[in-house]
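What follows is subunit A paired twice: with subunit B in the first complex and subunit C in the second.
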Partner chain A sequence: MNWKRATIAAATAAPVIGLFAWGLTRDPNNIPSPLPGRQAPAFALAVFSPGQGGLMRPVGETMRLSDLRGKVVVLNFWASWCLACRDEHSALSQVAQTYEGKPVQFLGVLYNDVPDKGRAWISEMGGQSYPSVDDPGARVAIDYGLYGVPETFFLDANGRVAFKNTGPVSPGMVRLKVDSLMAAAQAANVSAPAVATPAKDSSTPNAKTGSPK
Partner chain B sequence: MTNVHSPKRAVRSLAAVFSLAAAISLAASAAAAQAPALPGAPASAPQDSGALRVQVQGTLTDAQKNDATLESATKSVASQLRCPVCQGLSIQDSPSELSQQMRTVVKEQLAAGKSQEQVKDYFISKYGEWILLEPQAHGFNVLIYAIPALLVVGGAIFIVFIVKKWTAAGPVAAGAEVNADDD
Partner chain C sequence: MIRLLASNAILVALAVTALGAILTPLAIHRGRRDWLMLSYAAVYTNFVLVTVATLALVWGLVSHDFSISYVAQVGSRATPTFYTVISLWGALEGSIVFWAWVLGMYAAAVVWFNRKREGNLVPYAAMTLLVVALFFHILLLGPANPFQPVFPVPFDGPGPNPLLQNHILMGVHPPLLYLGYVGMTVPFAFAMGAMFSGEVASDDWARITRRWTLVAWAFLTAAIIAGMWWSYEVLGWGGYWAWDPVENASFIPWLTATAYLHSVIVQERRGMLKLWNLNLMVGTFVLTILGTFLTRSGIISSVHAFTQGTIGYYFLGFIALVLLVTLVMVAGNSDKLGSDGRLDAPLSRETVFLLQNMLFTVFMFTVLIGTLFPLVAEAARGVKVSVGTPFFNRMSIPIMVALLFLMGVGPALPWRKGAGPELKGKLIPGVIVGVLVGVAALVAGARNAYSVLAFVFAGFALGVNVEEFVRGANARVKAHGEGWLTALMRLISGNRRRYGGYVSHIGVVLVAFGVAASSTFKSEQEATLKPGESLTVSGHTVRFKSAWMREEKQRQVVGATMEVMDGNRVVGTIEPRMNYYPTSAQPVPTPQARSLLTGDMYMNLMAFRQDGSNVTVKLIWEPLVPWIWFGGYVVCLGAIIAMWPTRERTAVRVESAAPSAPRLSEGQA
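And then the complex of A and B:
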């Protein structure tokens, strides 16, 4: 055996094989977001679907991220034409109900869809416990680096993006993320005065949709 | 004797052609990778508008010139950004709704006075460098540009080395070949 040739061949092949092996460990559909750890992009979007019970917000009210400071925010981008959104809908809606009265805001954001279709879809799915807002022109979606639905962002009480989930969420994962963010907020003793509780919120119900940026 | 050296000449010619092609290819890649002109550089506008623009240039108002410059800059930036919902298409080439919306954002930001680099930085801050169709040449990404060049240079050196080796061993090998043919 020619050891010199064998060594050269092995030295040439090893990096290529290593590169392929590393590639197999990665999900090509998972594009890492640069947002986690950064301040979440601001938004001001109008509610088109009010939600239910204590989580309800009036249709037409402008939801601003700045008004949600002090709360953990679960921002779920969805669309009526999105099949995967059906998989997570009921679970997300039920989990949101369990956080009623706590400093957590679940918010649906309609992506590249029209509110009428969104409302019809929610009705078809048996309702949605939390409110949904419209995102005309997908401005907020682009601000959040969205490339598909469903995508869910978990924002901490300071308005920073803590975690992004691509694809349908599971109830366990949502609870885990929300609970950990609530615990972190309590540990950090985040000031609560900025928190606007849904029942006492005095925002104008028919506020005009604000510009997201 | 002439017949004996013909294969060597062919190999040398091949090596020369290969080297020339590699040099031309590298030069073309470098030219293509050059950033297009910034908005505010009107010289870039007529490139894609053809003779018609030249003919009517004298009648264009400042607003029309600004519009043309803005369109050109928008097209330039949009051509460098990847469509998030497509396979290998820029948002300029993609007909998807999200790409159209992203083009609108590009145009609005340019119209607001941002430079092309600032607009690209905005999208990088949202999507990461993945959003660029051509990765930026810094850090680990340098390998993407360096490895092909190194392979071309290494290949050329390897060919020269092999040709020299063949040339040195030529008469014996050629004689052996002739003898083999005789058999």
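And then the complex of A and C:
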């Protein structure tokens, strides 16, 4: 055995192994979204599951992003066939209840699924406190650049995407995001009323896309 | 019950492989041949145990035993039995079971066929196989355990991924792939065995190994072609290769294995390239494990991604171990692997083999770097990028064109000595065919230089390789007075390795024609048709007859019946479909092709009106694509001819500078 050569050869393996070890800590599917900081794509989707208590909205009502100005919006894309959605369901449903009466709108968006199965899933999971809308043809999902489900978008009171989460959310994270966006909206309200914003928004190209009205 | 039987079988197999592996060095150290028999017994026992586990899993799938986690994950009562059985390899855990089974089978075969051989080569090779098997048993008991209990037991499961139950090739491609991929462990085991036993300097082990490599290579070749065919038949894009990481993972070791099959001839004939061949052999195995790691760990994004978990870390540990041991062993033994001969003439067959090997190696690194690039780029610059088809095509097309050229030159050149006067006669048929094909390509409208060159060199290689058969058969006719066909058959059976190789070359030429033609002359059109309306692409016309829908047990099928027209006459139908599976929100497009000698009419159903009043279809004219599949058969036929057992004959080394011209039927290529 030529041990000198053997040692040199063995040393060359180190950077390769190092690269792979580092690579395992990354998720290649986690592609950063360009949306945060920009105006959220508009939508107008019909409610198929009403939600519960004070958060309830009648089935068939059309939810429009433009009507939600001044509110923090939590947009959660989910499906009955999605396993990870089961993990986050109770967290979202319970946190949403605690914001009843506050300027916050939680909204589920059904992705590549049929409302009947969505409703069956909701009753199987023991209810969903906030309303869910159907997204036929996944048009809104495409506008939001959805990679898979679940994905959750946090929109500020001006309809801008503040943050996007890929995969299941945790209750603490949802509270943190919603609280900070509410605080920011209140601070802005003191200096300038929220009513002033729509005029500014109409000039952004994103606001024109996706809305079928 | 089944579950317990299977998981205990794996557990015992783990213990048996570990004991067998430890026993080998102990037995050799103490000179106990009887202990070696025990480690051979461990190899057989392991095979029996993994067979039990595999059959148990298949039985669990067939009997819908949803208390087994793997069955609950991929099984469904509605899935047809065929797809239920083959969902054995439809997801991560089952595929590892199948891998362990194939490896166990290879190991048992290696030991059985070499059980009487003296020396320590086979014991150490068996030990290496046991260690690799041990790793897969650890996976099966850890991150890829298919036999976990499920409670409460579900009544039904989701069934396999819709794409994996939509075509019969799902039953063909994966087993071929595993037979090829896992088969590369055998030459690796012999290489390690040769180094551990100190027999590495002898050529004996390389001779034993060559046939095993050929077997694995033939399976891998068939698997790659079948995979291309499958993606062509199942995915509606009309292509067959996309340089996806999983495709590359199967292609990278194929490149080094192909290089080895050629360069090992140089070692046998001239005693050269020993260290190089050793590197190719262990490299091929390392690349199979690397490819598996890349595609199972989720480290690289791919359309084929398996579900991920902690399995990546296990593979990383195994790669680290394999890399370390092989690098240390190969580098440590490199002193013993000097060349007995040297290159004598710049224009000789050795030189062509050398160039061919260099090109294959460059090709391998190109694909490897392209595949790993996203990882490297993120590590170096923190950006998410990937290189796509344009990179791979731009880099690989010149290499493939050059390889086609060498495939034509090589068989015409003599060993050692530079080209002689007979060279002209050997090359002329190739040149004629090449020019004819090139002119035909130009007339047909090919304008890209590489594409024209590909046609010319493929024709050239075809001419030269066919000429070898014609000349050899003619010589026999003259010398023995045989009929021409008899002469051809005897020519081939007299030197199976050489002529099997040439048959494979002809198959590669057919594949090359198919690839070059379909990437140069492909044309397509999409149209929305009402019943009775027709669509024409490259002179091929289809007419929309009707749209229909039918319920099947596990899916709903929507299809369009398209009539193939020849003037006003209907000469056939094509029925592109969309299959709707309950577990998938999107339909699985199911294209259909009508194959002609000159190409495929490939049709895809893009959209349809519910009432059947119109459909949107795409018609693609795919010139010469059937040649790719047929060429694949021919390549494998060549490999079978070359590996067919023949009377043992010692390789004739060419030592003198001017050898007496060997008779064609006896020269060993």
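Throughout what follows, the second predicted complex is superposed on the first by the 163 of 213 C-alpha atoms of A that agree within 3 Å, B and C clash if a C-alpha of one lies under 4 Å from a C-alpha of the other, contacts with A are read in each partner's own complex, and residues count from 1 in each chain.
The working rule: a residue touches a chain if its C-beta (ideal position, glycine included) is under 8 Å from a C-beta of that chain, and two chains touch if they have at least 3 such contacts.
Given the structure is predicted, the values throughout are model-derived calculations rather than measurements.
Engineer: Could you say whether A:G137 touches subunit B, subunit C, both of them, or neither, answering first, second, both or neither?
Structural biologist: The first partner, subunit B, only.
Engineer: Give one of first, second, both or neither to describe whether A:N112 is in contact with subunit B, with subunit C, with both, or with none.
Structural biologist: After superposition on chain A, A:N112 lies in contact with both partners, subunit B and subunit C.
Engineer: Touch check for A:D27: first (subunit B), second (subunit C), both, or neither?
Structural biologist: So A:D27 only meets subunit C here.
Engineer: Please tell me which partner, subunit B or subunit C, touches more residues of subunit A.
Structural biologist: Higher number of touched subunit A residues: C.
Engineer: For A:G145 in the superposed arrangement: first (subunit B), second (subunit C), both or neither?
Structural biologist: After superposition on chain A, A:G145 lies in contact with subunit B alone.
Engineer: Name the contact category of A:L35: first (subunit B only), second (subunit C only), both, or neither.
Structural biologist: A:L35 contacts subunit B only, not subunit C.
Engineer: From the superposed pair, tell me which subunit A residues show up as contacts to subunit B and also as contacts to subunit C.
Structural biologist: Comparing the two interfaces on subunit A, one with subunit B and one with subunit C, the shared residues are 31-32, 112.
Engineer: Mind pulling up the subunit A residues that touch subunit B in the complex?
Structural biologist: Listed in rising order, the residues are 31-35, 41, 112, 137-139, 141-148.
Engineer: Can you list the residues on subunit C that touch subunit A in the complex?
Structural biologist: Counting only subunit C, the residues touching subunit A are 293, 297-301, 312-313, 316, 319-320, 323-324, 327-335, 372, 374-376, 378-379, 384, 583, 585-586.
Engineer: Within their complex, state which residues of subunit A touch subunit C.
Structural biologist: Going by the criterion above, the answer is residues 1-3, 5-10, 12-13, 16-17, 19-24, 26-29, 31-32, 79, 81, 111-113.
Engineer: Looking at the complex, which residues from subunit B come into contact with subunit A?
Structural biologist: Within the complex, subunit B contacts subunit A at residues 84-85, 97-98, 101-102, 104-105, 124-128, 130.
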